[in-house]
């Protein structure tokens, strides 16, 4: 580790009695997300940025059983997007053998750098996936309007909240064989759709971010609700946009 | 605060070891409602009136993580419906910065003043919303009969319980851009449908009340059950009224 | 109370540190049934018979919040089926004002007397109700075969377990305005279908019994599973009986 | 017992304060599986092999209420597949009267001997059963591709993980009257489909295994997710294989 931290300093980064410390929160929230069906089978998760530190869950483990000592810590100030597997810029690497940081790391970084987000959530929610399957193959976004829950979503994920009559638009990008290869596609969609609060990935799931972990979580809930009701509306042949 | 209470007196309003104290109950019930999918993404909630005090959750926060110290207390005896943002008649305002009382306050007040209710629940249940989407656009109410669960619902929400052969009717009002603008529409529907135990809001959710928090909650459960089974019946092309 | 018990003797009937004491079990199981959606909105419940004592939950209360002190105890040896409201044969009546024994009492008694059951469960499961709505109006029973879960159900609810190739048949009776008026219809169906492990009530729910509370509960789970999958099969136009 | 163990030695096999001891894990995981709807009504379960010991839940009991003292222990080194009812090779038999080892024992053994698995899970998930009902009657396997969740499944259940573009194939065998009679059919399917990570049983459920209990569980979650979304896709007439 080139971080210059002693072992004790590195360990202290994930040790706290405060339930709202990022290392504790990630474990707590992953348990909740598991119950929601968002992170089943090791997929999905949440990364929290607090000041100059970014906290990450490990990859490929049961998300509902993570403990604070499994959390990775990276400095936010990186010369470039961190690539999975690279260890050069870690502040803390868990001592348990075989743990690797989440494969979503560069995707979370998109949210941190392009939107100045404080947290980013990735889910494999079936509502998100079914929505990308039911929409026309050529659709590059999901649109919905006239739903109260739209009001819980912020412009670009971090701006002011949408209004009931606004049309929410969430881009859909194609999935890739390796998760880190989504990085560019996600960044391009975030540039093309600056107001979008999230990125859907066809046949995969969704990335949602917010100013804080609370906003990221509540927006992820609002969006998942909207994905679910949109699936029901599509199956019932109801239009997603408009009030008729 | 013009309430004339000292800080200690105001704080004492939400401090109790009794799990059935309104400030504790609201937190407990919101956790339960979250698991039912009623208050996902900060939406929905419950207000309890106990004697001359009305207890309210804050707006725009995670409802499953509210603590008693976040609860607002208003006097029931107000010269007029309290408007959100107005602070003139509060007995207690949480000290945590940025908290605002629920935007539903004037809607809860409708139930307290027009039905003498002891509690009012607002949910964003998808069953309620899907029902308002599947019923004809011009329908101003939902009707169902011949369901055992109808017997758990009271006339006007606070009178005697319905019978199996009775037809339950719940008015549907149109949603508005701002929640407080629903106040008049809800009041008008309550006048037009004096026997209705609840008000559905199209593309939004439902308001349910009762003499006590127990009755409000059990009626909200019965109604949500009926909304859910009505959605299933409509999708299966089964008639909602009658026994055939 | 004509039971001849002192107040202390009556209270002792529901006081035990043993989690498997009927008064504790009923509270525990009702919490579990609530999570399964079986006893939402005060409906449904379970009665347990242990030796000469029958333990009953109160009527019209939140079933997931019952406490042992709310439990009624009746002697099993009654000159006739107990009628709701009758107090002559109670061994214990809760002191909390306004509590009445479950309206299902005489229906539970059918299972105790006609099948020598040790426990009887009543649910308002939507799977049971939807099944009675999707089957033809004139059908007086539900039949299904070739499902592994059939093997968890016992002949007449208390005999030997069914085999995979057996056809399970559960009678359906019409609902009545008052729950106790179902008593005769349930008894008649139990006589006509001696092998049936349960009675479905159209637009209402189901009554399931077993030799013990464990068997009643696991059979209720197997049957609810079969009701649910039968609803899905009917909606997908798959035949319920046979292997094609 | 011909195991040569003293009573104390046999009991010690299931007594541990380590939550990851197989006897504790089986109880813990069965509670979780119950919440997922996998082991409702006594069906389903998990067996864990640790070194030369195989830990088994009892048959026909409520899986969410198993305690470590109910666990059976067998030596892995058996002259042949253990038959249910045979007691000759047990290391520990619970003292509670009437307990029998899981009827799935010889099926779990298939996974241990043919794939060198460390754990095997059996579920009655409705997603698995509905999938076997919706696929054509003559289909001897389920195939799906282009789903992110495929990447959580390993070749043969114990090899390298599949890739997004790979087609997952899970054989389907016919159910039999007695569970142990599935043993040969399962073994034959495992030989014919060496890459398959699980075996579906028509109108019954699924068997899933892995190198460790963690891998068995996460693969069971990924597969259950894929069964569920495949059912939704089939009902919506979407193709399971390919990207269109």
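The letters A, B, C and D name the chains in turn, as written, and every chain counts its residues from 1.
What we mean here is this: a residue touches a chain if its C-beta (ideal position, glycine included) is under 8 Å from a C-beta of that chain, and two chains touch if they have at least 3 such contacts.
As the structure is a computational prediction, the values presented were derived from the model and not from experiment.
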item	value
Chains in simultaneous contact with subunit C and subunit D	none
Copies subunit A and subunit B - rotation angle from C-alpha fit, nearest 5 degrees	90
Chain at maximum distance from subunit D, centres defined as averaged CA atoms	B
For subunit A paired with subunit D, centre-to-centre distance based on mean C-alpha positions, whole Å	32
Subunit B and subunit D, separation of their C-alpha mean positions in angstrom	45
Per-residue multi-chain contacts in subunit A, two or more chains	none
Chain contact graph, described as a line, ring, star, complete graph or other shape	ring
Interchain contacts, given as pairs of chains that touch	A-B, A-D, B-C, C-D
Complex contacts: residues of subunit C adjacent to subunit D	146-149, 152, 163-165, 214, 217-219, 221-222, 224-225, 228-229, 232-233, 236, 238, 243-244
Contacting residues of subunit A [partner subunit D, same complex]	40-43, 61-62, 124, 126, 129-130, 133-134, 137, 175-177, 201, 203-205, 235
